[in-house]
Amino acid sequence: MSLIDTVPSPVRLPAVAAHGQPEPTPALEQLYRGFEQEMLVPLWTQIGDLMPPHPQSKASAHLWHWDRLVALADEAGRIVPVGRGGERRAIALANPSLGGRPFATPTLWAAIQYLMPGEDAPEHRHTQHAFRFIVEGEGVWTVVNGDSVRMSRGDFLPQGGWNWHAHHNAADKPMAWIDGLDIPFAYSTESQFFEFGRDAISPAERISPEFSRSERLWAHPGLRPVSQLQDQAVTPLLAYRWVDTDKALNEQLALEAEGHAATLSPGHAAVRYTNPTNGRDVLPTIRCEMHRLRSGATTRTRREVGSSVFQVFNGQGSVKVGDHQWPVRRGDMFVVPSWQPFTAQCDAGQPSLDLFRFSDTPIFEAVHAWREQVEPA
Amino acid sequence: MSLIDTVPSPVRLPAVAAHGQPEPTPALEQLYRGFEQEMLVPLWTQIGDLMPPHPQSKASAHLWHWDRLVALADEAGRIVPVGRGGERRAIALANPSLGGRPFATPTLWAAIQYLMPGEDAPEHRHTQHAFRFIVEGEGVWTVVNGDSVRMSRGDFLPQGGWNWHAHHNAADKPMAWIDGLDIPFAYSTESQFFEFGRDAISPAERISPEFSRSERLWAHPGLRPVSQLQDQAVTPLLAYRWVDTDKALNEQLALEAEGHAATLSPGHAAVRYTNPTNGRDVLPTIRCEMHRLRSGATTRTRREVGSSVFQVFNGQGSVKVGDHQWPVRRGDMFVVPSWQPFTAQCDAGQPSLDLFRFSDTPIFEAVHAWREQVEPA
Amino acid sequence: MSLIDTVPSPVRLPAVAAHGQPEPTPALEQLYRGFEQEMLVPLWTQIGDLMPPHPQSKASAHLWHWDRLVALADEAGRIVPVGRGGERRAIALANPSLGGRPFATPTLWAAIQYLMPGEDAPEHRHTQHAFRFIVEGEGVWTVVNGDSVRMSRGDFLPQGGWNWHAHHNAADKPMAWIDGLDIPFAYSTESQFFEFGRDAISPAERISPEFSRSERLWAHPGLRPVSQLQDQAVTPLLAYRWVDTDKALNEQLALEAEGHAATLSPGHAAVRYTNPTNGRDVLPTIRCEMHRLRSGATTRTRREVGSSVFQVFNGQGSVKVGDHQWPVRRGDMFVVPSWQPFTAQCDAGQPSLDLFRFSDTPIFEAVHAWREQVEPA
Amino acid sequence: MSLIDTVPSPVRLPAVAAHGQPEPTPALEQLYRGFEQEMLVPLWTQIGDLMPPHPQSKASAHLWHWDRLVALADEAGRIVPVGRGGERRAIALANPSLGGRPFATPTLWAAIQYLMPGEDAPEHRHTQHAFRFIVEGEGVWTVVNGDSVRMSRGDFLPQGGWNWHAHHNAADKPMAWIDGLDIPFAYSTESQFFEFGRDAISPAERISPEFSRSERLWAHPGLRPVSQLQDQAVTPLLAYRWVDTDKALNEQLALEAEGHAATLSPGHAAVRYTNPTNGRDVLPTIRCEMHRLRSGATTRTRREVGSSVFQVFNGQGSVKVGDHQWPVRRGDMFVVPSWQPFTAQCDAGQPSLDLFRFSDTPIFEAVHAWREQVEPA
């Protein structure tokens, strides 16, 4: 069964007049039947939906609780095998107003992936860009074009399109992490390719190094290997480690405390994961960032073109998305649809609130369609 | 009534096992009910649709006959007023397999627009990028930010997003033309803004000059006004005249006949409309080109990521799109969905076959997702 | 004999104290002798020359009269053959304060070139970028990679580095034109390559078409051949015709008269010759423009990093460069050194003053070193 | 006294015929006198110098021994004060064939700078780009726009143009380091600006932190502060520490030993210092790299457009530049002129040979004039 409805659908035009529409007359009826027969739709019946004054997202703001995600993933781990065909034990967030499809937003896929001890997810590649982010646990390695990349709490692993990759759990415990991809964007624009790879990775790839070859080549600040000068639209660095992210955020808050410009607004530090070959986003379609709010701090309210998915990495606080407001804690995930105002606050009793965010912003920047509104300081 | 279904939809997972799916058991049933309750969808039930081996378009190849489009538009001209609210007497091509929506392809809008003698279409602006192409007729001017731009057969008028524009028919006959926009792309990615402008253009704007101010500044080959050096993501040139396009195509075929490289393949000339400030596409999301096939010539078969809409400007011939083959003549419009092979041929008895084409290619190039396959020479 | 002095030169340090310099003592003398022996020079003896508060050009403002240039070139035409070895009958402007070298400015070469009836200048290529501009006459064709390009009054012919080129005079009169190159820049930065080509061009290349193949492919406003999409750092368009330049300048002044923004300042129109593949300068190191001043109009005074060479194309007026002021008329050439203020004025009795200008600005823009100061409006 | 000769110089043309030159006749003599009078120089007397078949540098390959540089700098430290006017106790390498001027190559300045205990070099700024590299010692801080940057052995400190900077020696020993600038390039192209700053830095700037604010913001691999997204032509990171450089080079050699592509050629590792905002060179005009040769390894012979200056950071070996060959050891500096072949070798008994290199390559890349020839593998 397919959840995606691609069955040919007739055009059906409105039978009664709405505001701003012509009065129904026999001639109009006949005209509309002519349109339907020729597969035509007049703009004047559609313009309110198609050309609203500002983005009015089909998606809803929604929150998923981490404990329930993990519980269901764990249950799936027991009864659903992972292997060729299904490819991954990945369970996707389905936005409540996107038709039951596994789309967190109209452009972004977000899923919890789960691997039991000793399990492998088989090798494949696809043009959809992906990343992994690890909110807790360790013991899984992702093997990218033969390079084994450790996954540990707080690490961020971008995965540019069309690279071979597999996962294997080298530990004696299950492990969960989240995947983000541009599957809905590729689905709606129809640009996706997919290939199966080897069914099993080699023994050499099962060795579990602390650092991948990509890190050994690329994770030195401001230093580029002279043997690697070609342009690269996706980052060649396959892991961004928590120790670095945490330090960068702490330094921003410390610099702010010393009186220097370093944060986005008082108490709000943030780093963007970037491609060291060009300083831009790690992936051409997905922006990834880590935000840290100091105890009691609040972000400025902001709305922007495009959608985001957040996961709470650390701490507790509350978030407002449009008309919704939720308390959040470690692992919780939520969606901010296009042009809905967003604010986050760290609870006063917490040392900080860390929010991992990914968004489709690079798409809009690439086609010069991005806008934002930020609450004045 | 809205043709666009944004009602919240529950997740419904398959009740029976398909190929590559786990066997239904009570435990699986319970797991799936848990997924549904928490708004989750597992990848393993979806992967075939979401991650096909290559793009499999939801859109169909389809042909619309110009005579029927014009007849219906003319009838609409008689009974449907143009004015604020409906905004335009534009009648859109609705791809037969895109759910009855006014989408020619998943990313592109194509419509016939029609204006009666003396009529005005009121001023508005929107972030969706647009263009006009005129397959026949004359007498309408588009007023863009106060600059009146003549529309005559063969002319191409790009209309970058967020510029004020209105139309007025200064002639004593109705006039039809086609509009192309990125409405479906903006709709699916949710980046659109819209504003109403003045209800009427000024008397000064009703003056009907042969050439717009934009042409007087910009339509000189290779010459840039030194007063206009800022970067411009959309072309500042508001009309590309047929006399130039025709000459450029003729010269390519003449150069080919003299033994020089100038055409895409034997007998196949083509020009791309470009932004003189950067040599790139006229619009950030839409590529526009004019192709000319010499009598009896055939294009190389090509398939590429992304979709195109064609209109026959001149001549007669035949086109193949995927499994379809149609004879075509002046004004006929057809759609080439993503990754479907396309070939065109000029009838032997015709001097040439001219095809206007627009496509969503710049989007894919901007995010590094474009691919093509071309039949070897 | 070489005019270029590259003989090894000892370091010689000052024997007496200047302002801001240490007092001469026997110890200092000994230290300076040590520096000289080890090929060392202390900054403190040099800083005023090397690091002035703003550019203080080694070049002088200077004017060359066209009638004298032509008379000497004509005399050279009678007694100096053109051919392999000397390569060109080109006579270069030597800035009076640049050491007798054939450098109009520290970066730019400007020369009058002269070809007698029936003469050929043999084929060669070099990495130095070049152009031709024709202030009067016709009858010579430049053959670039086998493409014959007509040279007529007002035409501008860019010539990107490393393209084969020859000249032939197909007329029964001598013809003069000017060449501009980045020879001094390439000389001082040491990046130049040169190769001899065929000694004679082929009969087919002697055919004298009205328009070159490059124009037939590229001289259509905003239209790019789809067969020619690769990036090109130098313009593929080999001639920019006077009819287009003249019209573009006239339109700017007409638009200004109608109340629209189109000129640089009142009565001052200007176009830049640009590469249609990217909208940027025709050559990576040389900017070329045509300026037109309406009768009686004056440019705003401007100074900028980098040097320019001007040639009066039409009309009479006066120019101020630094402390100099000269009346100028058709063909006269003058130099504006780096950071010297420049103003031009069209005589009141003249319809207009047209000034062709070339400069080294793209070099400074490329390395982010360009600055200008413009007199407020 | 000025070492720079800017006195106006008459044109003097050759009195006797050289190869390829016209025979001297009275008419030619008269023509040449006419040229001289009008400040003109014919190409045919110059072409061999100006347009050679490939770059033939005016500069010579030359080696400076570190022990002699330090000895002279130390002597200067005792008898030449540092302060306003002279600005810096910097002693520049003067290429033996560049006219006694303080130019290491036609585009690059290289100097040893020396500061006595407790001394300050006063604040100034200039558009010339600069860097510091420290081959030995510690104790000096450079204060850049108020940010104090520690200088220790192996550190690299880029200093983009037009930033205020001063130096202070906080230690009880003298310290030497090298400065690299694009002074000769700015001098020959005439683009330089200079301003004096405060005579003394503030007490707060005398505090000597281990890490500068710039490092705390920017020295996290692949992580960009979201508060700092604007384009930056020069790197915002003010120190690249040896611990990172050393590790990156070791990892390349280790990866090579494990069978992976990571080095330039067998045994030859290299990193380029890059701007984290765009992945390009740290400075728009100067490329900086660190190279490491494994014991006994040899680089591939290479020649390229543009010049380089090297300093041996560690180890002993030998280098060949054109026809020269020298043994080298810690601190020794040498010059590779444009298009001269270069090879380096690490002595067999040494663990490695580390070479710091800076070059003018970004200039040539920016104007599309760079070329290289590399000995085949």
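Assorted remarks:
Note that the chains take the letters A, B, C and D in the order they are written out, and that residue 1 is the start of every chain.
Methods note: contacts are C-beta pairs under 8 Å (C-beta built on N, C-alpha and C of every residue); 3 or more make two chains touch, one makes a residue touch a chain.
This is a predicted model, so every value here is computed, not measured.
Fewest steps needed to get from chain A to chain D, stepping only to touching chains, is 1.
Taking the CA centroid of chain C as reference, the farthest chain centroid is that of A. Centre to centre, using the average C-alpha position, chain C and chain D are separated by 30 Å. Between the CA-based centres of chain B and chain D the separation comes to 53 Å, rounded to the whole angstrom. Listed for chain A are no residues, as none touches two or more other chains. Pairs of chains that satisfy the touch definition comprise A-B, A-D, B-C, C-D. Taken in their complex, chain C has these residues touching chain B: 213, 216-227, 229, 235, 237, 240, 244-245, 247-248, 251-252, 254-255, 260-264, 270-279, 282, 289, 291. Residue ranges of chain A in contact with chain B, taken from their complex: 1-12, 14, 16, 18-22, 25, 27-28, 31, 34-35, 38-60, 62, 64, 68-69, 72, 75-76, 79-81, 84-102, 106-107, 111, 126-128, 161, 183, 185-195, 233-234, 284-285, 305-307, 337-339, 360, 362-364, 366-371.
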